[in-house]
Structures are given as C-alpha cells and as structure tokens.
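These notes open a run of structures that come right after.
Next come two complexes, and both contain chain A; in the first it sits with chain B, in the second with chain C.
And then the complex of A and B:
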C-alpha cells in the first residue's frame, strides 16, 4: 500500500514554478498606458475611513407643494425637436363636415388650442407632446358626428349622445373634436373633463337649503372652476349676448350686462352655483347660440358618490345638482330649444361597473342596429332605475377601429414629423394595423409610435 | 389657526386628522361628524367657515371624548379594583388581565396596567 507521502508526489504544484516576470497575463493594453496606470509596487492596504466623519448626504431640493401635481397634469402641445409637417391645412369651421376631408390630417388653429386647453380637452395620456403642432385625423365616423351636430343646430333640438367603444378607441379625442367644432362655429361649449372629480368626494359640497330625503348638494368650488373655464373658452361669444332677464335676486349681477358679465359677477365659490344656473337658463332663451355640454367618464356619474348626507347615507351622484343638470339634459328632460348637443363619453380604463348603464347602452345599440334587444339579467341586483331613465333617450355611438387607409395616413404623419423612422409601406402599415387590434388608434400608437428608442 | 374644542389646529391640517387626534374619536365617528356638517374628506381646517367650526365644537362637547373618556375608563377599572375582582387585582398588579401568559411577553401589560391606567 502506497504511503501518503508517495501519493503526494502526484499532486499538482500549488506554486508556479515559472519565474514571475514570464507569467504575465495576456492583455491588449498598450505598453505605455499600462505603465502609466499601474505601478509595479504591490497594492497598499486601504486606509479605513472612520464612519463618524462621513460627509453629510446632500439631498436634492424637494419640489414645492403642488409642483409634482402640476408636472403630472401638464399638457405640452408642441415639441421643437419634431419636424414641421408640410402640406397640412388648418381646420376651418366647416372642414369636419365634408366627407372629402375624411382620412386627412388637419392642424388645430392656435387660438383654438388655447381654448381647448382651458376646457381641459387635452388629456395627459394623449401624445400631443411628440409633435411640432397638434394635428387631428378627420375620421369618417367623426364626419358623421359633426354632421349630426350641424343637423341638431338646424333642427333646434338637442343631440343626446353617448360615445362608447373599446379602450383607446379615441372617445376622449372624439369629444375634443366635437368641442373644437362647436367653438369654431360659435357654440357655447361647457366641458366636465373628468366626471370622477365630481363624485369621488374630493371637492367641497354643501346641501341645497330646504332639501331632505333625498338631500341635494351643491359643489361650490368645482362650479366656480367650471365657470372660469366656460368664461375663458367662450368669452368672445358670451360677450355678445345680452342678459334677457334680471338675475339680481339670486346672483351678484346687478342690472343689465352680457353673459360674460354674469359669469364674472361670481367672484366667490359661494355664488358659483346660482350664477351657473342663471347662465344655463339664459342659454335656453330664444335667440341664443347652440350649447355643447360634454362630459368624460360617464360611469362615474351613474353610481352612488363618495359623499355622505347628514344622516350618513351615501349620496347618489344624480343628487349632486351639477351632475343633475347634465343628466337632465342627457335624458331630454331639459330641452335645448336653440339646438346643441349633450355628449357623454364612457371611459375604457377608468370605469365603474354599472349594470344599468351597461344594459341600457347595449339595448340602445342593439335597437339602433335592429338586432334583438338584450333583456335584464334576473339575477343581477345592482340595477338602478335612475341611471336607466337618464340614459334611455340617448343615442349610442360606438367608435370603431381605424381603416388601413386611415392608419396609413396617421403613420405617414408620424413619419413626416420624424417620430417614426421606418419605411412606411404597405407591409409596415398592415403589420402594425394588425398588431394594434385591427386599427384601434391608441394601440396603433403604442405599437409603432411609443416603442421607438430615441 | 383654528380652535376646535379648545385645541389649536394648523390651517393645513386635515379636518379628519384633527378630529381623530381626540381620544375615543376614531375613523367611524369622524366620518359621521364630517357627514353631519357636509365636510368632504380632504377638507383642511383652514377651509372651514367659522360657523362650521362653532358647530363642530358644540358637537364634540356633547361627546365623551378626550379627558372625559380617559376618566371613564379609569373609573371602570377603579370599580373593578374596589369590588376586589380578579380583573381589578390584575390591573393593580400590572399583569395581563385576560388570561394571557405571564412568564414572558408582559411588557404591554406592565407598561399600561397600573392605577390610574396609562392611556
């Protein structure tokens, strides 16, 4: 048997037998720079720095109160890095009425941009910030919508419409275009940009005096903000309209004046609601321009709100008087004798499940198509008669996906802006169109525009 | 600064937090009080009008909160002690009252259970 000593002779030597100078590792560093970087001396032991004498951590200045929110909510409508698109025209008042303009890009005039901004028609989720100037694609279904608006003006009756469609199908965008059309044609445009702001219990509320069972509530601060936006967006129209009634009993407006003066008389939130009511009633008198009343996020006003009445019962959103005004107009209870439109858009992502709303919209849609009308689910408990009544007289418009031709126009616009750096041919367009759920406009934007690494 | 029940609250303090700073007034009570006076959940003390502040103080003064609530609890414990019940004795000795083990983990009991009880 071999001893341990004899076996040890088979082991590999642990210390290299080659001289140190020859055992250099292979390197691609040039000799000169290698000599500069390293000394031939062995590395010295690092000196431990006492932790007590550490430099104090300098933090960046925290943003002031409100700055973060302002940054989150900011709307950027131009981008100097994007190329200017040649050959597109500014929108004219009648551009969106003509079928021959369907499938073309038009730019939004500068004065309208400011007005839309005050109405909060632009959303932070839309990609306005990528382009030199905001442009819109005039789609055929929106040409039809604008013609309905024009017809409503001619017939002196209200168009009561609910815009619906899948996520990212351009419902808020359609609302923006309707507002744009209204303002260019001297309508009075009133917009509630997010219905959830009214019902999520984050703005002040006070009960209407002498109401109980159910209590009704005014939202003075929101009404004041709404009045300000109405004034800023419709100033030129409202200044030309003289008051036909005396409102000195209920508002701060004493004596004659224009509707703009009436709005300006409400200098405090406490006066906002009576002034809004006065304005709303004045707009329904004969000889007034058509009114467009728009709201985004319909399902939020068709539920119980987060507010509580003095007995601690949840307040139905329709008991908030501002919401009630909109709902009455949408249901046809308030006629708009000068013509006009009441348009509500549903929201794809931020939506509340409201069975009555789903039911009535599906019934209306089926009725419009001539299909069999769906029946209520006998096992569903959450139906709400008030919601059903509010929506049953409206028309539903479902926004469809883009056609391939429209998708191509849009992608060519992105290409001309320098934002889409691919060759735009039939193959690219068709593949992106297919990837975007057969032309859902927001998905198309996601697949081709927002995936680019700059 | 806003005075509610003799306590001074800053303008930027949420009304809900201000109410809940009183002993024996929790989320349920504060929500009910706020609903009673139609104060929304993000309201700050600075935004309350003087009449609402007065009503709030009047409402709170009718409730058993703060020192009244503390005194009530101490009275209840004192009663247990006076009648010489087991619970009363455990309170007085600084031990857990409701049958918990005492070999370890009695720090909360030894901290709080004394006469008058710490609250």
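And then the complex of A and C:
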C-alpha cells in the first residue's frame, strides 16, 4: 500500500512540472532590457535577523545582604497619613495605676518610645504603623497588673507572673505596658523579646568552663546584644547607681564606677556573660531600684534546645545560663530583694506543644480559681520535672477579651485616626465585637481595622 | 374440524358483529340488532327501525353527517388534547374579559398553583414546560382581574390549575418560639447542615461551643454566619447557639446564615421579606455534580487515544 507521503506527492508536485525553456519563451520583455535589468551578481541571501537575539535582561537591583530582614523586622511607630487624634493625654508614671483611667486611650511619651524600641517591645505584628502616634488602651485587667507591680515594689518581693490567653489576646502588648510602667517609674528593665532566639540554635554558644553532666553553655553574642539593649533603655537609671563591689577579677571594669560603666566595660562578646552576671548581682544588692525581667515566648525555654553538647546529646534550655538566670528568677530561687517582677508571656501562634508547661499552667490556674486541679495524663510520658520546678511558684494571669465598652473606645480611636471610615454606633460595635470572638483585641483589629468594608 | 373453524372465522372479529351496518335490511335478515349494539356514528340519534316492512327499505346515509367517527373536541388529533382545550379555554376567557379592571400583582389573591409535574400527572399528557408556562402566564393574568367583577367562569377555570387549600395549610409549617424563648432554625448549604438556637440576648454567638473566631478562620465566613442578624440590624438583640455538621467551612458558614434567619423569623415574622432580600431564606441548590460513568469526573472526558 502506498504511504501517505507518496500519495501526497500526487496532489501537489514539489517540482514545477512546467519546463524551464517553455516558461522563458513566454516573456514579453525585450531581450536587451531584460539583460540590463538583471544583475550579473548571484542573488544575495536575505540577512535573517535572529529572533533569539534579545536585549540583555536588566534586573532590578537585588537588596544587599540583611536588607530584606531589616525590612521585615522594621518597626514603624508613626504615620503622617493618619489623622492626629485630639484629646488624648500622654501617659504619666501613675496613670496606669488608677481605675478611673480604665477604658481610655493614652499616648506613649516620645522618650519612652525610643526606650521601648531598644528593648524590642514593639512587635511587627502589631499595627503601630497605621497611626500618627502610638497609643495604648488602658484596660481594667492591666490596671490590676500595674497595681500588683506597685505592690511588689512596696513589699520588696518579686512578682512572678505568667501571662496566658488565647491567640491575639494582647499578651505581648501587656508585657509592653508592664515595661512602660517600669521605665516610667525608674525600674531597671531587662527584656528578652523572643525566647526562641535563645534556643533555636541560631546564636553562638560556648560551654561554661569546668562543667560537665550537664554541660552549661554561655551565649556570648546574645548576651552582648542584651547588655547593649539594657544600657540603651536604662542608661539614666544605671548611671546613678555606683558599684558596691569590686568586679575587676572577672570583668574588664577596673575600680569604681557606675553600673552603666560596668556595662560599657564589656567591649566584646567574650566579656558579655561575666559582665551580665556582675550586673545581675549588683542589682540585687540593697538600695537598688526594682528590676523587671520580661520574656516573650515562654514555651521555647521549657524544652530541649536545638544545641548539642560535646557528646551530641540535646541540651536542655535550662542549661543555657542566660535562660537559667531567668528561670531561677521566675521560680523564686533568685530572690529580688529590692522588689520587682519576673514576667513571662506565652505565645499563641508561635507555640510549641508543651504538655508539661500546659499541665503546670492549667494546674496553677485551677488552683487560683479554687477549681479541681487537673491531673497529668497517664498516657503521656514526656512530663519534664524541670519545667514544673520552674513554673510552680508563679502566678498565672489569663488575658480576657475586651468588653463592648472598651471595644467601642478602641474603634472610636481608629475612627478618629481616619482608619475606620464606617459609622461607629452600637450596631457596628456589637457586630464587630461578635465577629472578633466576643472582643479578642487582635481579632477585632483584623475584622474592623485591617479589613476594608465598602 | 378445520373446515368448521374456518367457516366461523368471520365471527371471530367481534367488531363485525357489533358494527352497525349501512344496510340494516341485510342485518335484520341474519339477526335482529338490539339498540345497544348500534354504534352511534354521529351526534344525531338514529331513529328506531320502523316496524313497517315497506318502510324498512330506506335510503342509505340518511341523517348521517359524517362518514367516520368525529371526536368531541377539535384538539383530539393534537399531541396534548386536554391541555390544548385548557389552553384554548383560558385564552378565550382572557380575550373575552381582558377589559375588566385589574389589580397589582402583589394584591392579587394568592393561588397555590399546580406544578408542571402535577398537571402532567393529572392530565396524563406529556406537556412541554414552555407551553405550560404560556398557560400559566394567561392564568396569572386572569387572576389579576378584580375579584368583585370577576365572572365565575374564570374562577372555575382557574380552580383547575390550583391545588386544594388543605394541602397548602399543611405544607407551610409555622415556626414558634418555645417556652424557654428559643427558636430553632435549620439551614443547609452544599453538604453542611446547621441548627441555630436563637434567643433574645446581647449578641453572643457560639458555634459548636466555640466563639466565631475559633469556629471560622476567614473573616468572610464569620460575616456569612451572622449575616441574617447584621443585615437586619438585630445583632445586639439576640444570642445564637448553633450546631453545625458536615461539609467545609464555606458550606458551614452559609448553612448558618439560613439557620439563623430561620430562627429569627420565628421571633419576628415581619423580617422575612427583608431576610429574603438579603438572601438568607432561599436554599442555594448548587451542590457537587455527580460523576458520570465513562467519564473521569462530572464533565471531564478521558483523553483521546489513537488506538
């Protein structure tokens, strides 16, 4: 059978069937002119422009190393596009202590903004960048917290507190307000903004000399960074405090000086940890101001860290000496004789499954309420005694949702800033309050502030 | 025996025996034909056979108008004769009475119209939907005629297209608020079902025991769930406690819309129109289309293969 190709050849001849001589005979052009018109040169091939040839691709300039992260971590505290809110006052040192101020908005003073920024108290997830000036809502439960802080100062006893609550209920925000209160009242404020930075293996660590089983570890670079932030935030307080002991044996501080000088003496990360220890012990001597030691993301320090010891066993987070310092303060092993507070906040989103921590916190909460104390799950093996010991002496404070009145105050502030264009009446407030899960403050922000409704 | 059967074969056809003959004198010769057996060929009565033997000889085709049976209705030869008759009847009524004063459609008396399936079943005819809709259009127009001046013929004609009133009252259930002040509404969407217990309150909503933000992650879904309350501005007056089962988040949220609206109507029946306008009353019939055999999915066919 003939192939398709051969059959096709019958349909359309590839070679012209007309004889060449015959075709030439039909021309009407005279021979001479035809000869003149024709070039004697052979016909030139057309120069084909290659389609593959393209212009060199000009890429936008790639950001320099670290620029992307800086953009991601950027804290913007002011926005000139937002309207200025009239009729709000600056916070005063005792503003947050008074119940009559509950349910009102107050602005954060400018000098405090800088200090809070150096302590990294502002988080990128909070929407400070939408308003002209940072304001806070003084809630009744936080008024109670500030009064506890004030009482801790008077009693010369540490307040040991764990802040919990559902996602977006304002735990980090409460921590910020506590720090704000501390700094306005001349406390020394130390803040570990993300506990996961200490345990996720991203900062350098070296073993403490002459320790084994368990090994203990110093994180010199992180300690150095912490010292810097302590110095920047508490400079005015620390400069007024003279050293009472001689630390020349362990630190670079030779002779007398202030606590600020002590911090300044640690010029390198290698000296950071001994200097921090010296500072921490100096702060517990009599006549010192109260200390607020805060940490965000508690579940990250109640587990085995991502570090390994020389035998390649995982290192428990409590064996990192900086974490140990915090945990000892939280458990009451380190007394704070000048009063003060140790506050740890759990995290709702960046949370590790921590059965031991959950159990202790639920037991503490039930004990505080007078309910039946939950028992450990008999089928769960991983309960950690060290976590229990770290948390057993603390108080649990659960952050509740906003009342409708508080929600209305907040929404009116958003409206006054020009961020909420809708009419704010009872109907809007109540429906947004319901949408936000009965007044979870972050959810309220999501439903009304960050969602455009036409 | 065979010859006997063949001789009687012509009697086998009963029609031959019962058929009225065109020549009665021949029939009489064989057997007297009773009156019952005479088939009526036209609307005129056949006169009884005269007793007089002379007059027995009659001229054929006397008093016979048609040479074959003629049906009563001219629609007999159409596809749907009874339905056609109905169509014509209504059409004639309308052309006769179209000058009478009419009401606005909203004010016309409500008639529970028969559905197409029922009419098909009653008439036993395979009626086309398009033709049925034409008839219904005429019927609705007739129903607009002012009842005080409406001739009874129209009512009689329209009664044929309406269901009995009893079935209407039993069909429509009236939701009530129980002694605890709860109204239970039910809603469905896709494969989700929702039961909402609506009580008077202060705007709290729990779905499967969780507040809205834990029940639905998307803001849009949360808004759908309480849309019946927000669209009627009743968010601050009721509490909702709902049980939702089956389906995904969107389906559950939109089933909630229907359920809350259903419960809300029990408290305030006057809101039904507003809720219908807000899209909370009508069940969305769209669901997953079934897979067909020989196909990979509902519509997707297998890829073409040469051999």
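Throughout what follows, the second predicted complex is superposed on the first by the 402 of 454 C-alpha atoms of A that agree within 3 Å, B and C clash if a C-alpha of one lies under 4 Å from a C-alpha of the other, contacts with A are read in each partner's own complex, and residues count from 1 in each chain.
We adopt the following convention: a contact is a pair of C-beta atoms (placed from the backbone, for glycine too) under 8 Å apart; a residue touches a chain by one contact, two chains touch by 3 or more.
Values in this document were obtained by computation on a predicted structure and should not be read as measured data.
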{"item": "Which superposed partner A:207 touches (first chain B, second chain C, both, neither)", "value": "first"}
{"item": "Partner chain(s) touched by A:443 [first = chain B, second = chain C, both, neither]", "value": "second"}
{"item": "First, second, both or neither for A:451, with chain B first and chain C second", "value": "second"}
{"item": "First, second, both or neither for A:106, with chain B first and chain C second", "value": "neither"}
{"item": "Which superposed partner A:426 touches (first chain B, second chain C, both, neither)", "value": "second"}
{"item": "Which superposed partner A:434 touches (first chain B, second chain C, both, neither)", "value": "second"}
{"item": "Sites on chain B touched by chain A in the complex", "value": "31-32, 34-38, 40-43, 47"}
{"item": "Contact set on chain C toward chain A in their complex", "value": "202-205, 211-214, 219, 222-223, 226, 229-230, 233, 235-236"}
{"item": "Chain A residues touching chain C - in the complex, by the definition given at the top", "value": "166, 426-427, 430-431, 433-438, 440, 443, 446-447, 451"}
{"item": "Interface residues, chain A side, partner chain B - complex", "value": "201-207, 217, 306-312"}
